[in-house]
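Two complexes are shown next, each including chain A; its partner changes from chain B in the first to chain C in the second.
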Partner chain A sequence: MKRAARPFPILAILLVLALVVSVMAGSVFISPSALWQVIAAKIGGVPAAIDPSGVIGTILFKLRLPRAILLLLVGAALSGSGAAYQGLFRNPLADPFLIGVSSGAGLGAVVAMTIHWPYTTMGLMAIPLAAFAGALIAVLVVTQLARVGNSVPTTNLILAGVAVSSFASAITSLIMINTTGELRRAMVWLLGGSALSGWSPVLGVLPYVLLGCALLLTLGHSLNVMQFGDEQAQQLGIPVRRVRWLAIITATIATAAAVAFVGVIGFVGLVVPHILRMLWGGDYRRLLPLSMLGGGVLLLLTDTAARTIIAPQEIPVGIITALLGAPFFLWVLRRSKSQNYW
Partner chain B sequence: MLTIEHLTAGYNDKKILEDITLLIDDGSVVALIGPNGSGKTTLIRAASGIVPLMSGEVKVNGHVVNHLGEQERARLVSVVPQVRSIPPAFTVREVVALGRTPYLNWLGQFSIKDNEIVEEALQQTDLLDLADRSMSDLSGGEQQRVLLARALAQETGVMLLDEPTSHLDLQFQVNIMDRIHRLAHPVNKENTGRAILVAVHDLNLLQMFADRVILLVKGKITATGTPEEVLTEAILSDAYRIPLHLIKDSLTGKTAILPRN
Partner chain C sequence: MNKKLSIISLMVILTLAISGCAVPAPTTQPTAQPTAIPTQGPLEFTDGLGRMVTLSETPQRIISLAPSATEILYAVGAGAQMVGRDSFSNYPEEAKTLADVGGSMGSYSYEVVTSLNPDLVVAAEINTPEQVKALEDLGLTVYYIANPASLEGLHAILQTIGQITGHAETAATLVNSLKTRVEVVAAKTATVTTTPLVFYELDGSEPSKPWTAGPGTFIDQLIAEAGGKNVGSVLSGSWAQISAEELLLQNPQIILLGDAAYGTTPEQVAARAGWNTIDAVVNGKVYAFNDDLVSRPGPRLVDALEELSRFLHPELYQ
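Coming up: the complex of A and B.
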């Protein structure tokens, strides 16, 4: 297959464009010139007609920019983890949502919230840890259920993922029904509405996403070799068990942090790596960083759509990704039956 | 040099190999023959250090392979597996480059030398013209050559090949076996030949490249020696449980093995 040239510049440009569109759009439209003036005034101290500490500046720096950065990080985490899970399970349909990791993380986070961790920075750091515990349990249960010998067949993976995911979601719902008031907030959050605002969720999610993504980026070559199966990977010098654990743990940390701050958002980890793989091939040394960039782009764009389609009301971003992702999932499923091209 | 001493191995308490002892010197090709299910593939897996042993020892150049980490092991022993499913998204060059895995740093970066060795492996296996093609575009014989090239890029003293000619037509069978022979017996005498173990089914073909033959029946070595010593009517008929007729061909000096109906 002929491959389009220069993936990194293309994605970098898309990312900047998505970022600009995302901070411009919303209930108050910020024009490109206003955007430019406010940023110039804020950063360069250039005197401008628009005061950066005025309404526009506040909307930009206190609301839209942190939200955009948060979604960018979350998109990178979900999509990078998706690519890693796909390489790990040698399965094009592995997505943090579909294999139950996200729902496990959601359950962990809700449990943490119900035992009243305060919404302080410490609390914000603790919720991802609880989400991580839930997510790790979910992924381990799913792999154990789905595993046949040394491989994880697609149908098993998806079925086990659906079962574990439903179970975790059911318990999450039970917990939420039995709580009142403040946990209404959790409800919105679980639908992927990113109810949190300001810079504190960005700072909360940042260390986990950076750590997870950085570690995942070191695994590209190992994942390439592992596409030939565990046995050949070992014979080529890959410590398969160690790499598998490292990949599961790092991908799960990144996913859990993402879920802990913006809730369960499905299909990003499926759609993005898939399109990138079709365009630029399956080399994980390239696919992992590209997926992280692409995940950021997709989530920024879907969130912009979620905020503008029926403005001033917001649609939870998880609904938009599901509307796009579910048909895509079915298409991939059909395709992977007829040809195993990846 | 590959040394196996009193090796017993299997899966879940079931012994597949029992009390195997063999030695393959540098510069020699040993053909491993035996009926289906006799344990040839398990022996190759055990020799590459990925099967837990029940007893005995596998040593490569004096190192006990089961005590080594994957990376060190892969610098000493390479394996050419049977072509089953190859991830088609890779190009030929990408697959051959994976042979450098045991020499890469933790970021998986290739040095100039790594890339040179990859090109050399491609050239040795006549794959340069196909280097940028996708694996899915290749024939079975070409894919087999790619896996051979990948093992060459590993630069190991010991190579283990599992039925490298099983899906190939006669021309490719001879072609591959000829290359394997030259790897153990380099034209340039300054290069050390490799120690090579090849599992094969074709008893006629093996005489063209093998220095020695090991016959494996139900997990035990029942005969070992030069092709002339092992390929006899009595030994083979007993091992394969069918009456065979052996004809010494005057033109090639080789023995043709035919079933006697």
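Coming up: the complex of A and C.
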């Protein structure tokens, strides 16, 4: 496969462009010059015609910027975890939700929504915390169920993940049908419509995603070798069992934190690694960081679309990722010269 | 991982302790009754989430995030102070000319809200606490209306919104007229000798198990007040699907189509398998009903009561 272009500069430029577009576009358009003036006034104290604490400033610093950074982090967590799982399970259909994170988080969130929380900081944190806990519990249950003696066979893990996910989803649906009033809220959450805004969710997600992504990045070489199979990898000196646990734990924590705050956003974690693999090959040392960047870019762009297509309505971003992501994925797939990129 | 969890729980406990100190204990009184007229000093109100809402002056740029709140604001005479509304607010007609701040997919455009520069945002139970928090973080004043449990509860809400918007007198007049209208219906209903069984259809797109309103809903309450009995009152949930078999057994005398706005007609109902044996269908007592009247806890609940009374006991109005 030819390496026509340097992937990192391209993605970095795309990332900056996506960031600029996403803070400019929305139901209120902020022109590049206004954007520059407000930022200069805010950071450099340069006097500007536009008051940085006015409407434009509020929209920029309290709404768009935190949202953009949150989505960058979430996109990085989902795509990075997706790439790691695809390598770990040697399965092109693996996504970050393969072993139960999303359905566990969904169940936790919906259970928390049935309770009337007081309007305090803690009451507002109840749903993200319950989602986070639900995700961790679901993965814990899956890994325990899939365990055979000391090892966790890949196939068992996938099958247990599917079964536990279905079970959790069924309970979620049952609760949603039986509760009154909270159905809309639950639907929006399950479709990835971010509920909280401002900087607090960014701060909540940041440590988990940074830590998770950093740890995942150390696994590139091991995942490369593990493509030959676990036994060969073991013989080549890769601590297969430890790599597997590390990948599962870090991917779980990063994606659980991500979905806890913005809801379930599908497709990003599945498709971004594939697109990048088709373009630039399957070396995990490169694929993992590229996926993290690419996931951020894709989420930023789709969210900009979600905010602008039918403004002032906002479409849950999970719907847009699939609506725009699937055709793009198919386009890349059709164009891909090599039929056996995987 | 265990260490991480313990750190989280520590953070959680700390946050709890801090917020416990910072948040003032909600007063037991449901509503602070201001004695002063709105221009004199700041007014404090406890809203439906138990939050203290302080208004330094009468709001002049109000945004409503719920159809019920919009109807309440217009009814107390605050329509001229409104600058924005959610996508579902379609009553009264003037409300449609206000800026649309979104909401059809459960999320609002905070950007449009901010750019309208409101001095008060009125939310209702259709809105989540997270949304209230997000608006608060933008530095906006938010008043949250909890759904009333009864018509009396509605009166208190109307009066509070009247006080907040500087229309306490209009609100008091409105409440009195609503009370009088309810009393008129109650007096008429006291004379009836029959209690027709009523089926209220919320969504009949699955005729084998249509959605209906159960106990705890306004429609259930109002059907009883209008001298009828709601088929759904025996169900366990507020909103539930009832099997068509059960419906045929119960054999309601009147069917009200709350889903008429979505195109369901009495003719369609008559054509559903088995439904042609129901009394209401046989006697042609299947009526379209404007669900907005009962699904939005606002002053039009009384319109709903009057309309129900006419449908259930036409003999009172001859």
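Convention: the second predicted complex is superposed on the first by the 249 of 342 C-alpha atoms of A that agree within 3 Å, B and C clash if a C-alpha of one lies under 4 Å from a C-alpha of the other, contacts with A are read in each partner's own complex, and residues count from 1 in each chain.
Here, contacts are C-beta pairs under 8 Å (C-beta built on N, C-alpha and C of every residue); 3 or more make two chains touch, one makes a residue touch a chain.
This one's a predicted model, so the numbers in the text were calculated from it and none came from an experiment.
Of the two partner chains placed by the overlay, only chain B lies in contact with A:E231; chain C stays clear of it. Applying the stated contact rule after C-alpha superposition, one finds that A:I249 touches chain C and leaves chain B untouched.
In the overlay built on the shared chain, the residue A:K62 is in contact with chain C alone; chain B does not reach it.
Legend: residue contacts after superposition of the two complexes on their common chain; A:L290 is shown touching neither chain B nor chain C. If you check the complex, the residues on chain C that touch chain A are 1, 4, 12, 15-16, 18-20, 23, 49-51, 87, 100-112, 114-115, 117, 125-126, 128-134, 137-139, 216, 237-239. On chain A, the positions that touch chain C within their shared complex are 26-28, 55, 58-59, 62-64, 117-125, 127, 129, 178, 180-181, 184-185, 187-188, 193-198, 200, 249, 253, 307, 311-316. Chain contact summary for the complex, chain B toward chain A: residues 45, 48, 50, 69-71, 73-75, 77-79, 81, 85-90, 94, 98-99, 101-102, 104, 106-108, 134, 136, 150, 154. The touching residues of chain A, when paired with chain B in their complex, are 1, 90, 218, 220-222, 224-225, 227-228, 231-232, 234-240, 277, 281-283, 285, 340-342.
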